[in-house]
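Structures given as C-alpha cells follow.
Both of the next two complexes hold chain A, though its partner changes from chain B to chain C.
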Partner chain A sequence: MSIKKLSKDVFKSFVDALIASDQQVIGVKEKVQAKGNRFAFDNLQSADQLRLDYDITLLPPKKYMLPQDETLLTFKVAGESKSKIDNSKLILIGVHPYDMIAINQMDELFSQDQQDNHYMTRRKNITIIACDVATPSKNVFASSMGTATVESGFDILLTDIGDAYVAQAGTDKGEKLLAKASGAVNASDDDLAKRKAIQDKNKDALNKHKLNCKPSDLPGLLEKAYDHPVWEEKAKTCYSCGSCNTTCPTCYCFDVQDQVNWDLKTGQRERSWDGCLLENFANVAGDHNFRKPREARFRHRLYRKGKYVPTKIGGQIACVGCGRCINGCIPDIANPVAVYNRILEDIKPD
Partner chain B sequence: MSKPRVAIFDFACCEGCQLQIVNLEEEILDLISVVDVVEWREAMSEQSEEYDIAIIEGSITRPEDEERIKDIRSKAKVLIAIGACATMGGLNKLKNNFQDLEEVKKCVYKDSASMPHLETSMTKAVDEVVPVDFKVHGCPIEKEDFARIIRSLLLGKTPEVPNYPVCVECKKKENVCRWEYGEICLGPIIRAGCGAKCPSASYRCFGCRGYVDNPNVDAAVDVMDKYGLTVDQLKSKMVLFGSKQGPTL
Partner chain C sequence: MCDCCSSEKDIYLPELATITKAEMMNQTEMFMHLEFDSGKELGHQAGQFVEVSIAGIGEAPISVSSSPQQKGFEMVIRNVGRLTNAIHGLKAGDKLGIRGPYGSGYPVDELKGKDLVFICGGIGLVPQRSLINYVVSNKDEYGKIVILQGTKEYEQRIYTEDLKKWDDIDGVTVLETIDVAHDSWKGNVGVVTTLIPKIEVDLTAAMNLVCGPPIMYKFVLMALQEKKVSHDNIFVNLERRMKCGVGKCGHCQMNDQYVCQTGPVYRYSELASVPEAI
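Showing the complex of A and B:
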C-alpha cells in the first residue's frame, strides 16, 4: 500500500473533486449553532468547510452505519414483508483513530451470528478517510485505552504534518482513491519521520484522564467489583438521560417498533437508538423491568465496556477513550476512568 | 366493522392542540376513513351525545366543568387527554400557586371579576376528576404523535409513550447542550417525544410534556450546586408547566 504526501492545496483539490463526483461526501464541519468550536460530521459542499483540526465531534460517525432512526422493513399485517436496505455510497472524511477503532469493533459485532444486513450494507458502501488527532479534546483519554492511533479499518489515513498531509492507503479501495489525487507525491523518509513523531506524541498526549491500570486488566477487575459501592455513589445523581449511550461510538443497542399506516393493514418496522441507562431499557413483557435500579443500569454500561463486549471481540475493551460521555454528562458521573480508578482504590487487578 | 364514533371536546385551554389535529390537513381524510367524528367544535357544527372515544383538550377549572367531564366520561368507552392542559393541568395550574382565588380573579379580570361565567376553582388535570385511558403529551401536541397513538388504539395496541428524557432526542439531533450555555434546561427530567424541538431551536426545554416517571431529584439539586445555581432558580424554571404537577403516565 502506498504512502503519499499531499500538499494542503493538492488535498483541497482532491476533496473538491470527490465532492464533484457522484458520491456523497461527509466531513467534519464546525457546528453553526455552537458557541465556540463544536464540530459534527455533516455533508460537505466544499473542501473549505472541512475542519481536520477539530477536537471531537458531538456524535461519533456511527450515525452513518447505524442511523438514529431507520426503517428496517415494510409489512402487510399478517402478510409478507420487504426489507429496506440502504445502498447509498458515501465517503467519510476525518474519522479519528478512536472512532475508527470503534467502527472496527462494531463491524465485528454486527457481522457475528445473524449478520445485520442493514448495518453491513451501509458499512460496505462507506469509504473512510481517517485522520490522526491534531487537537486533543478536553476529555479525551484514548492514550489510556491504546486507541490514540489506528492500524487498520480505514481506507486512507491522513496525518497533518504542517504544510501537507501524509496519506496512507489501508485498502485497495483507498489505494484506488488515493491514485486520483493529482499532484500527490510519494512520502519521503522525512515526511514519515514527521508523521511518526505526531503519532508517538498522540500515544501519550490524548490522556486528559489517566487510567491507573492496563485496559486489559479491566475484565479481571470488574469480575470482582459487582457489589462495589462506586455504582451507588455515582448513580445517585444519574438522570438516566442516556447521553453517555447516545454519544458513545461503541454503544449500538437499539429498540424496534412497528408502526402502521392509516389503512391499518400496512406498516413499517422502525429501529431507533436505545440506551442501557434509560429506565425502560430492560422493560420486557408483563411490564417487568429486570434492571430497575439506577445503579444497576449505571453499572451495566461500565460492564459492557470493560467486560461483557470484550468477550465477543477477542478481548478488545469496548471503550475507546473518546470522552464524549464525559462531555455529555450534566452531573459529571459518566467518566469511565473515574469509575475504574475508584474501584482500583479498593481492588487490585489480577 | 362500524367505525368508532369520536367526539373532541375542549375545556380551559388555547385550543392549540385541536388546531394540531386540524393541521393534519389532508391526513384528516385518512383519519375520518377510520373513525367517525361526531363532534369537534373547532372544525365542524354537528354535535352528538353518542360516542365511543372522547378526546379531551384543556384543564378543569370550574365546578361546572367537573360535571361536564363526568358526563362525557359516563358516555365514552375510551377517554384520551390531549395536550399539557388536559394531561397535567398545564399553564392553567399557575393559579394553583396562589391561595386566594378571589385575588387571582381580580388581578386578571379587574372590574369584571365578579361576572358569573368567571367563577373559578383550583385547576385540575383531567385525570384528577375522571379516569383517563391515554395521554397525548405536549404543548401543543405533535400531530404525528396524535396520529400514531390513534392508529395504535384502533389496532387494539397500547401506544408507546417515551419514558426517557428529552436529552435522548436532543443528543440524537447533535444539539449543543443548553447547560453548556449556562441555561437551566429541563431536558434531563422531562418526558421526550417532542423531538427536542425547543433545544433544536436554541431554547431550553420548558417541560411541557411533564416529568419522566422517575425524575432524579437528587441529581437536580446536586447539579445546581455544580453549576453555581440555586434550587430556587431551578424551581422558577419549573413553575410554568410543573406547578402542582401529578404523574404524567
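Showing the complex of A and C:
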C-alpha cells in the first residue's frame, strides 16, 4: 500500500473533487451550538468546511453505520414485510483513531453469529478517510486504552505534518481513491519521520485521565469488583439520561418499533439507538424490570466496556478512551477511568 | 443490493404464518396453532422461542409450546401488552409474522434415561409443554416423569386437559396446586413448592426442569437446595426482553450472557457466575 504526501492545497482540491463526485461526502465541521461552537460529522459542501484540526465530535461517526433511526423493513399493516437495505455510498473524512477502532469492533459484533446486513451493507459502502489527532480533546484518554493510533480499518489514514498531509492507503479501495489525488507525491523518509513523531507523541499525549492499570487487566479486575461500593457511590447522582450511551462510539444496543404511515395501510419497522442506563431498558411485559436499580444499570455499562463485550471480540476492551461520556455527563460520574481507578484503590488486578 | 434483488438473508425479516386454530384457555391466555404459509416446518427444539409480530404493532419473544415432532407449532399468548392485546383480537385464518426459532433448547439427549421433574408456575407450563409432549411421546427413553403445576387462581389454570391426559399415562404423575382456595377446587392449595415433598422420585437423581415467573425461581431453588439436589441437575428457563433474538440489541443480557443465544434454558450450575440471572 502506498504512502503519499499531499500538500494542503492538493488535499483541498482532492476533497473538493470528491464533493463534486456522485458520492455523499461527510466530514468534520464546526457547528454553532447553544454552549459555544462544537465539532460534528456532517455533509461537506466545500473542502473549506473540513476541520481536521478538531478535538472531538459531539457524536461518534457510528451514526453513519448505525443511524439514530433507520428503517429495517417496510410492511403492509398486519401483512407482509420487505427488507429495506440502505445501499447509498458515502465517504467519511476525519475519523480519529479511537473512533476507527470502535468501528472495527462494531464491524466484528454485527458480522458475527448471525450477520446484520443492514449494518454491514452500510459499512461496506462507506469509505473511511481517518486522521491522526491534531488537537487532544479535554477528556480524551485514548493513550491509556491503547487507541491513540490505529493500524487497520481505514481506507486512507491522514496525518497532518504541518504544511502537508501524509496519506497512507489501508485498503485497495483507499489505494484507488488516493491515486485520484493529482499532485500527490510519494512520502519521503523525512515525511514519514514527522508522521512517526506525531503518532508517537499521541501515544502518550491523549491522556487527560490516566488509567492506573493496563486495559487488558480490566476483565480480571472487574471479575472481583461486582459488589464494590463504587457502583453506588457514583450512581447515586445518576439521572439515568443515557447520554453516556448515546455519545459512546462502542455502544450499539438498539430498540425496534413499528411506525404506521398516514394511510394507515403501510408502515416501517424502525431501529433506533437505545441505552442500558435508561430505566426501562430491561423491562418486560407486566412491568417487571430485570435491571431496575440505578447502580446495577451504571455497573452494567462499565462491565460491558471492560468485561462482557471483550469476550465477544477477542479480548479487546470496548472503551476506546474518546472521553465523550465524560463530556456528556451532567453529574460527572461517567468517567470510566475514575471508576476503574477507584476500584484499583481497593483491588489489585491479577 | 436493493429491495428487489436482496439475496442475503435479513435476520430481522419475519415470515408469515397462518393461525389454524385459536381459542381462549381462560380470561387472559390464548392458545394458537400456526403453520407457515411457505409450508416449511419451524424445526425448533423443545425450549426454544420465536419472535412474533404484527406489522404495524410490533414484535415480542414467545415460547413455542408444542413438541418438535408435530405438524405446525403452538403458542400460548397472555394478554399483557399492546402486541399481545392485538393478537387476542385475531382468529383462525389470520396471520402473524414469525422469526426463529431462537435460543438454546433443552438437552433432550442428556435427559434420556433419567427421571424428569417439571416444576412449573402459571404460564411457565407453556414452554415446558414442548418438552413434556416430546418426552411422553418417547416415554421408553426416559424414566419416571413428574409434573408439578402451580397456578395463582383457579380460573387461570391452563392446559387442564393436557394435565389430565399426561397423568393418565403410565409412569407420569401430575400434581397440581393453586395459590388461592376456590369452591370448585378439591386439590392442593399453596404455592408450587408445597408440592415438592409429595414427589415420590429421588430428586437428587432426577433432572429438575423449572419454569415460572421471576419470583418463583428463588423459592423453588431454595426448596431443591434443601433436598440436596445438585445444581448440575437443575435446568431453568428464563424470561428476558429478547427484542432482536440474535444477540445484537442488548436487551436480554444478564451479565455476559445474551439470553436469546445462550438461553432461555440454562443449567443452573452454569449460572453461578451470572448474578443477574435469578
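Note that in this section the second predicted complex is superposed on the first by the 339 of 350 C-alpha atoms of A that agree within 3 Å, B and C clash if a C-alpha of one lies under 4 Å from a C-alpha of the other, contacts with A are read in each partner's own complex, and residues count from 1 in each chain.
What we mean here is this: contacts are C-beta pairs under 8 Å (C-beta built on N, C-alpha and C of every residue); 3 or more make two chains touch, one makes a residue touch a chain.
All values derive from a computational prediction rather than experimental measurement.
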Once chain A of both complexes is superposed, is A:262 in touch with chain B (first), chain C (second), both, or neither? first
Partner touching more residues of chain A, chain B vs chain C, is chain C
For A:130, select first, second, both or neither according to whether it touches chain B, chain C, the two together, or no partner. neither
Which partner does A:291 reach: the first (chain B), the second (chain C), both, or neither? second
Mind working out whether A:238 is in touch with chain B, chain C, both or neither, as first, second, both or neither? first
When the two structures are overlaid on chain A, which partner does A:278 contact: first (chain B), second (chain C), both, or neither? first
Considering only the contact definition stated at the top, list the common interface residues of chain A for chain B and chain C. 257, 260
If we count contacts the way the header does, which residues on chain C are in touch with chain A in the complex? 1-3, 6, 8-14, 16, 54-60, 78, 80-81, 84, 94-95, 97, 214, 239-241, 243-244, 246-251, 253-256, 261, 275-276
Contact residues on chain A for chain C in the complex? 72-73, 75-85, 87, 109-110, 113-118, 121, 226, 252-258, 260, 267, 269, 274, 276, 281-286, 288, 290-291, 296, 300, 303, 307-308, 311
Within the complex, chain B is touched by chain A residues 31, 33-35, 38, 40, 58-59, 68-69, 236-243, 246-247, 257, 259-262, 264, 273, 275, 278-280, 294, 328, 330-332
Where on chain B is chain A touching in the complex? 27, 30-31, 33-34, 147-148, 151-152, 154-155, 160, 163-165, 167-168, 171-172, 174-177, 179-181, 187-189, 202, 212-216, 218-219, 222-223, 226
